[in-house]
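Just so it is clear, A, B, C, D and E label the chains in written order, and each chain counts residues from 1 on its own.
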Amino acid sequence: MLRLDGVWKTYRLGAFGTRELTAVRDVSMEVRAGEVVSLIGESGSGKTTIGRMVLGLASPTRGSITFDDVPVGGLRGRALRGYHRQVQGVFQDPFSTFNPVFKADRVFALVRDGFFPSVPAIKWRRRVEAALEGVRLEPADVLDKYPHQLSGGQLQRMLIARALLLDIRLLVADEIISMLDASTRIDVLNLLGDLKTKGLGVLFVTHDLALGTYISDRTVILRAGEVVESGPTDEVFARPQHEYTRNLLAAVPHLHTRWNEPVK
Amino acid sequence: MTDTTEHVSATGAPAPAEPVTPVAGPRRRDVLHFALRNRKVVGGTVVILAFLVLGLVAPFFTDHGPNEYVGPPSSPPSADFWFGTTTFGQDVFLQFANGIRSTFVVGLLGGGLAGLIGMTIGFVAGYRGGLVDELLNMLTNIVLVLPALAVLIILHAYVGITSVPMQALFIGLFSWPWVARAVRAQTFSLRSREFVDLARLSGMRPLAVIRREIAPNMSSYLFMTFILLFGGAVLMAATLDFIGLGPTDVVSLGLMMNSAVHWSALHLGLWWWFVPPGAAITAIVGALYVMNVGLDEVFNPKLREM
Amino acid sequence: MTLQVSDLRVHYRTLRGDVRALDGVSFSVAAGEIMGVVGESGCGKSTLGKSLIRLDNRMKHVGGTVTLDGENLPIADDRAMDRFRFTSVSLIPQYAMSALNPTRRIGRLVADLLAAHGISYAATLPELTRRLALVGLPERVLENYPIELSGGMKQRVVLVLSTLRDPALLVADEVTSALDVSTQRAVAETLVEFRDRGYVRSMLVVTHDISLVYQIADTIMVMYAGRLAEKAPSDVVVTEPLHPYTQLLIGALPEVGARFGDRRLTGIPGRPPGLRNPPQGCRFRARCPLAFDKCAEQPPFVEVAENHQVACWKAGS
Amino acid sequence: MRRYFGRKLAIYALTFVVAVTLNWLIPRFMPGDPVLRMLTRTSVSNPEAIAPMRAYYENVFGLDVPLWKQYLKYWVELFQGNLGVSVWLFPAPVADVIVDAVPYTLALLLPSILLSWWAGNKVGALAARRKWLDNTALPVSYALTATPYMWLGILLAWGLGIVAGLFPVAGGYSFEMRPEWSWAFVGSLAQHWFLPFLSLFLVAFGGWAIGMRNLIIYELEADYANYLAALGAPRRLIRRYAFRNALLPQLTGLALQLGVLVAGALVTEIVFAYPGLGHLILQAIQNQDFFLLQGVFLFIVIGVLAANFLIDIVYVLVDPRTRTGMQGAT
Amino acid sequence: DDGAATSGAGGLPGPGGGGGAYPRNETLYTSGTQWGPPNSWNPIIPGHAMGTVGLAYETLFLFDPQKTELAPWLAEKGEWADKTYTLTLREGVSWGDGKPLTADDVKYTVELGKIKAVPYSNLWTWLSAVDVVDPRTVRFTFTDPRIQEWENWLYENAIVPKHIWESRSEADITTNANEKPVGTGPYEYLTHDQDRMVWKKKADWWATKALSLDVKPTYIVDIVNSSNEVALGLLLQGNMDLSNNFLPGIANLVKGDFKIKTYFPEPPYMLSANTAMLIPNTTKAPMNDVAFRRALAGSIDTKKIVEGVYGNIVRAANPTGLLPVWDQFVDQSVVSQSGFGFDTAKAKKTLADAGYQDTNRDGFVEGKDGKPVKLSLIVPAGWTDWMEAARVISASAQAAGINVVPEFPDAGALDDARTAGTFDLLLNNWAGLSNTPWQYYNYVFQLPIQPQQFAANFARYENKAAWDLVQKLARTPQDAPEFKTTMAELERIHLTELPMIPLWYNGLWAQYNTTHWTNWPSSAGDAPKDLPTTWNNLWEMGSIKMLTQLKPVG
């Protein structure tokens, strides 16, 4: 479904772009339908950049990103809108994904404005309610409220519901749980797990290895923009090949096991 | 380091400082709540409104123009002529009320135009970034270091400023740079907020993103910016009028001071001719600044006094 | 016994009434103990940390006492507290990244601070460099401005600076949250090392990451909505929690290797109550699967086993 | 840092070129012809004399060569310090006229800018920590910064000059005096200088005091201030830090304010009949003396640019944040 | 205004004090001439510092406005013989450097006019030769002896020393600031600064011996005007002795106890200096219609300008516009027959009779073509008294149904409009005091009309007959009986055609403070009658004698 082939991203900085910063180097990977691929790496390793390129919010400097064999980079106007019908994203911080000035359900109105201007209001409302129920939210609880009146978990679920309004096939989830409390995290993860079983492809970006493993089928480990290791999740975690991956895994705090004890 | 400059406005009065705290919905009621209890906001607003009403209403209660010779020359304030008369016997109060009117017009138009240009440039530069940003930034910097009054004087010498709206136009054309800088910085930080990405994922075009997503988040900031621009435009207009570079076919507070000085009011002891116009400018601009600080306290919980 | 907190109540003043961020908290920390304080966001962890060292001007000491080594800490009196700060109680703030004056070289900053406490910088310098070396920083950093250091480096500078006078109690507030896993581990282990070397006697480590705090703490204290829920040695909290809240919290944490398909973890439904008008009785009642009538009454925070205190009617029995 | 300065210099150079070019352009494309002006002044009444005199003055003002040559010549002469000939004060060279007036303007501007900045910041910082001072100094500062320069000037001239008779209200020094190094003369200079200085000082002072007060309040809320307080640092130290840090934006503010202050000085000079650039500029306008106007404008622009650059340098020296990693910023 | 008159700017060393001060009782403080820093002492080009001609350089004759005739000055006498004029220089006149004044200096000065950029270059269109007869005698040979114009030249232009000037190039002569003026006059340059010009009395001046004239002030400090109110302040404080500024409100102060005096103790206080004219552009409709111009002239409430705007320090003009000094030449019968006066009703009737009607009932008449008439009256921005006057003119014209609106463009734009003839109405006063009314009519009627009119006939009124009369006047001596009849004819044409509408006489603004100097010119019986002014071009009308009459106090 989604393919990245030798993708590079270089940011130009400074006066008239005199300095360069390569955020992503030669990354190739694939996300298939019904598959969760987690993208793991420390801060600044280029995860978000990849996510944004996939979403068409940024274009790769080199290499190609294709969705169903159609290059994403060249999409403009109507075609881009068509693409966004199928591919959507949810971001790290639910509080900053909602414009704090407006009520939270504005995100649904925006989808209607952008994609279904002809759907009548009543019908649309029903579809929104259905989508909310799909992410196990009580419509009455979340509609007509301001973002700060809702919990992070509720907000993230609303965003997923928003994506679902569009019959998406691929979801880019960029650290969608790192800002959430431990107890709410798991709800969101479970939701993603459910959607996966319904055939949704998910690019799951995270720096938290414990969470990476919970729902993902395959794992790509990124360091300074480069892929250092990738493969089926179990394999990567059980038998890390790269030194960097091993260090990373060793530093993860485990419940029930102290750092200096062997992992149970 | 650019960001540090945004604390100080072009007028020396404090500009709205610190990153924007967007005002969310129910917090709007909060804002009103605090605004109504903030002495600075209420006091400032009352002063401004009082002058506004005076300027709007007073000219309707007389049947002669502000430049007509209606009374005995050079008479001190009395029941008939509240602020006395000029050496020609013009009613100073009437001129004063009319002058306030043009003061508000200059403030609104000049401040509004400067705000508009500053915001447009700031928004575009901040949102688009890259080369566009570089170029706009350069433009901003150039206009920023050109001393506005000197430029206006030059312009006047060549073009002639003949009406209040034209004066406002020129003032607006040269007082926007600090706004552009500030708005650019704010936009820059808002642009990376994820709701902007979400809007783009919802098929919104850049202009719509700026207008419908970014600008509403800065509304309080923009409002305060406008207040400062208003004050700045009023002062600038008064200065121009005073040195005789303003429109001459209307009555303005600066022009009143100009006439008073020209006709030797200082030496002839006609204090009522030059004290009220300056006092009105000071009061209006001062009230605006005070209001601005009050609003800053309202919008920025950190500054709120408990 | 080093720190003794009894029935501490600290409120935030707001125009809409007080936020009861700490509402009757009693516990003690022994000499040499590292105590982890965990709980959901907004439950009052940072408030607790701040109360022990400096109430900001929106905070109000409503009741309760704090004693350190038997001496009463005048936490409500900002001036009187100065005598204890830095020397007896010290803090690594949540905002360590921005805690250093950006326009002062770090050396100058330390010198200024020491001079203000009447201590010679020159005399302290050898010890300072030794400790910097211990956390892996060269002496050169003293010549740097904060902006020239990375986040992790700043975090470690603050750690060294805060403990320079060997305080009896150190409050470390979310010191690792903003760091990478590997740096996180390094910093956490340094905390333990500082305790081991006696640079600090006892420590209060505030965090929301139970897995992390489990690595370093001797005791873990779980807070919920401005109150204490449970306090026990860390192994006990992780393996045999008694409070239903603790149990659910632990249960919601995925382990590396836990898979969605294998075992479905569950979160805690609902949200914590607001602290402006907290409900009567047990504050977890609304979300608690075990709640019963008696929960309408506030459960006492009592010792149910050695070193194991819980505030739950069900736990004791 | 090299890069930072390079960039700054580039901006200034560009601004300078733009200002100079505008300055050159405008009189050549706007109505109002300096040659005509001269002819009017000489009241050429015999028709035969008009053509030769026109040619003659066009030559004097350098208007008789193609535009591009005029432009190049303008630049060349600019660097030779030649700003052309004044129309109004013909045949005086513009540069001479300006050089004669500048000492007075600088004597007003420099002390009032520096002293008001210094005193305003001090008082603002004090106000931030003393409630009573805050309640008194702040309203006064607001009133001052909202006062139009000329009005304050008029009030001072009227109150202290005319009514109280304490200060003279015209001229650079007593008209009874000849310049020389004597106490009486210096005293006279100071006496004439004081009121215009005071009015500039007061208005600017208000702005700085308010700015500093607000900045200090922000700074005292900053994390580093909280941390220091948590480590038991005395308030004195914290305030010292806050003051120092708050000075930085005030420094940038100073750069931004220069243009406004220069404008204020021009108006104030007019009120007090002080023999600086202000009077020149007004007369140049009234007499359509483009060349003089250009010269004064250019002088002001160069002055403001130079001062800005100076402030930039100082800024870099006092703020480490500009030195690292900030090269991209303006 | 209490306390305004307290003297002394406070604390400074008074008269005679301090090494650098000018002794107060020997110093005359003046202002009203210099509007910018003194920068040129070159008598050949306009814009020279106050007193350059008059105090430093001198003219061959003075013009005595009381007697309306030339008085010998550097010259002893001059005589016409057909087309030649023979001039005899005074004995014993010497330059500041001791060299004697000779006929060569005169010849040199006149021949400077061959340089095109010298303002009097047109002299050489009717002058053919200058010959030195002997060191004290010069003979001028004319192609066209314009007597009036020549007399004008004789007293208006200063003689410069050939021995100093001859080494200068043409360009130098017209662009040199001549910073070290060497003249024949009673004063020499001492110093100057941005805001002042100081002259110092020379040890010996030819007139002391020759005419028993002695200038009294040792120093003249001329203060550069920044504004009139500053002058008023200085005058009130006694820091200025003679102010030639327009000082509104001065009437009140003359009446009060401020030691301030003017030429007349009552209205109009000032002598008259020039005629303020309303100039219609006669190339445009409806100003090209005599009837319309007449109605316009009659609609203006000059009294309101004189009293309201000026507080009576000016006086209404005679309908002919001739200054009071020419009263002897005003033909009263012409005035009573064709003169005009303020009469709104009559103005309305004149309009109606001529066919100007208010057809659209907006209160203003329309043109004969039925289109609305809206005339803008331009006055330079910043000329506050004229701006006020323009407002009064507009109001009174509107009352008569003529829609006149005041506009205040900047001085340069106004110059352009006036020179190019793109205006409707404007105010102008460029015909001032001079030796001959010829100058006035030259100003009114000069032909031919150029695309650009620089000095005269801004109305662009073409009347060949009138212009011929003006030229005739130029060649007629004032004492010839023809002179009077020609004048009467010109007055008649002016009043019936009204190409320019005389409104009021601007004053020869002069106010004195008598604290330190007395015996100022005044209308009082035995007081001096010289022109009390420092304005350039008026020293040679006898103002210089004012300095010889002053008496120091104490």
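Quick note on the criterion: contacts are C-beta pairs under 8 Å (C-beta built on N, C-alpha and C of every residue); 3 or more make two chains touch, one makes a residue touch a chain.
Note that the structure is predicted; figures quoted are calculated from it, not measured.
Engineer: Give the fewest steps needed to get from chain C to chain E, where each step moves from one chain to a chain it touches.
Structural biologist: Graph distance in the chain contact network comes out at 2.
Engineer: Could you tell me the least number of steps, going only between chains that touch, from chain A to chain E?
Structural biologist: 2
Engineer: Among the chains, which is located farthest from chain C on the basis of C-alpha centroids?
Structural biologist: E
Engineer: What chain is the most remote from chain A, judged by the mean position of CA atoms in each chain?
Structural biologist: Following the centroid criterion, the farthest chain would be E.
Engineer: How big is the gap, in whole Å, between where the Cα atoms of chain C centre and where those of chain D centre?
Structural biologist: Computed value for the inter-centroid distance: 55 Å.
Engineer: Any idea how many Å lie between the Cα centroids of chain A and chain C?
Structural biologist: Between these chains, centre-to-centre, one finds 32 Å.
Engineer: Roughly how many whole angstrom separate the Cα centroids of chain B and chain D?
Structural biologist: Here chain B and chain D have centroids separated by 22 Å.
Engineer: Touching at least two other chains at once: which residues of chain E meet that condition?
Structural biologist: Each of 2, 4, 227, 233, 382, 410, 412-413 in chain E touches at least two other chains.
Engineer: Which residues belonging to chain A are in contact with no fewer than two other chains?
Structural biologist: 15
Engineer: Going through chain C residue by residue, note those that touch at least 2 other chains and give them in order.
Structural biologist: Where chain C is concerned, no single residue meets two or more other chains.
Engineer: Residues of chain D touching chain B in their complex?
Structural biologist: Touching chain B from chain D are residues 11-12, 14-15, 18-19, 23, 26-27, 30-32, 142-143, 145-152, 154-155, 157-158, 162, 204, 206-208, 210-211, 214-215, 217-218, 221, 248-250, 252-253, 256-260, 262-263, 266-267, 270-271, 281-282, 284-286, 288, 290, 293-294, 296-297, 300-301, 304-305, 308, 315, 319, 321-322, 326, 329-330.
Engineer: Could you pull out which chain D residues touch chain E in their complex?
Structural biologist: Touch list, chain D to chain E: 31-33, 36-37, 39-50, 52-53, 56-57, 60, 85-86, 88-92, 96-97, 100-101, 104, 161-172, 174-180, 182, 184-185, 187-188, 191, 270, 273, 275, 279-280, 283, 285-288.
Engineer: Quick check: in the complex, which residue numbers of chain A touch chain B?
Structural biologist: 12, 15-17, 52, 55, 57, 80-81, 84, 88-89, 91-93, 96-103, 107, 110-111, 113-115, 146-149, 159
Engineer: Of all residues in chain E, which touch chain D in the complex?
Structural biologist: Residues in contact with chain D: 2-4, 6, 8-13, 17-22, 24, 27, 29, 35-37, 39-40, 42, 45-47, 116-117, 119, 121-122, 125, 174-177, 191, 193-196, 198, 221, 223-224, 226-227, 230, 233-234, 237, 239-240, 380, 382, 410-413, 415-416, 419, 430, 442, 446, 448, 450, 452, 454-456.
Engineer: Which stretch or stretches of chain B touch chain E in the complex?
Structural biologist: Interface residues on chain B, with respect to chain E: 67-69, 73-74, 87-89, 156-157, 160, 162, 244, 248-249, 259, 261-269.
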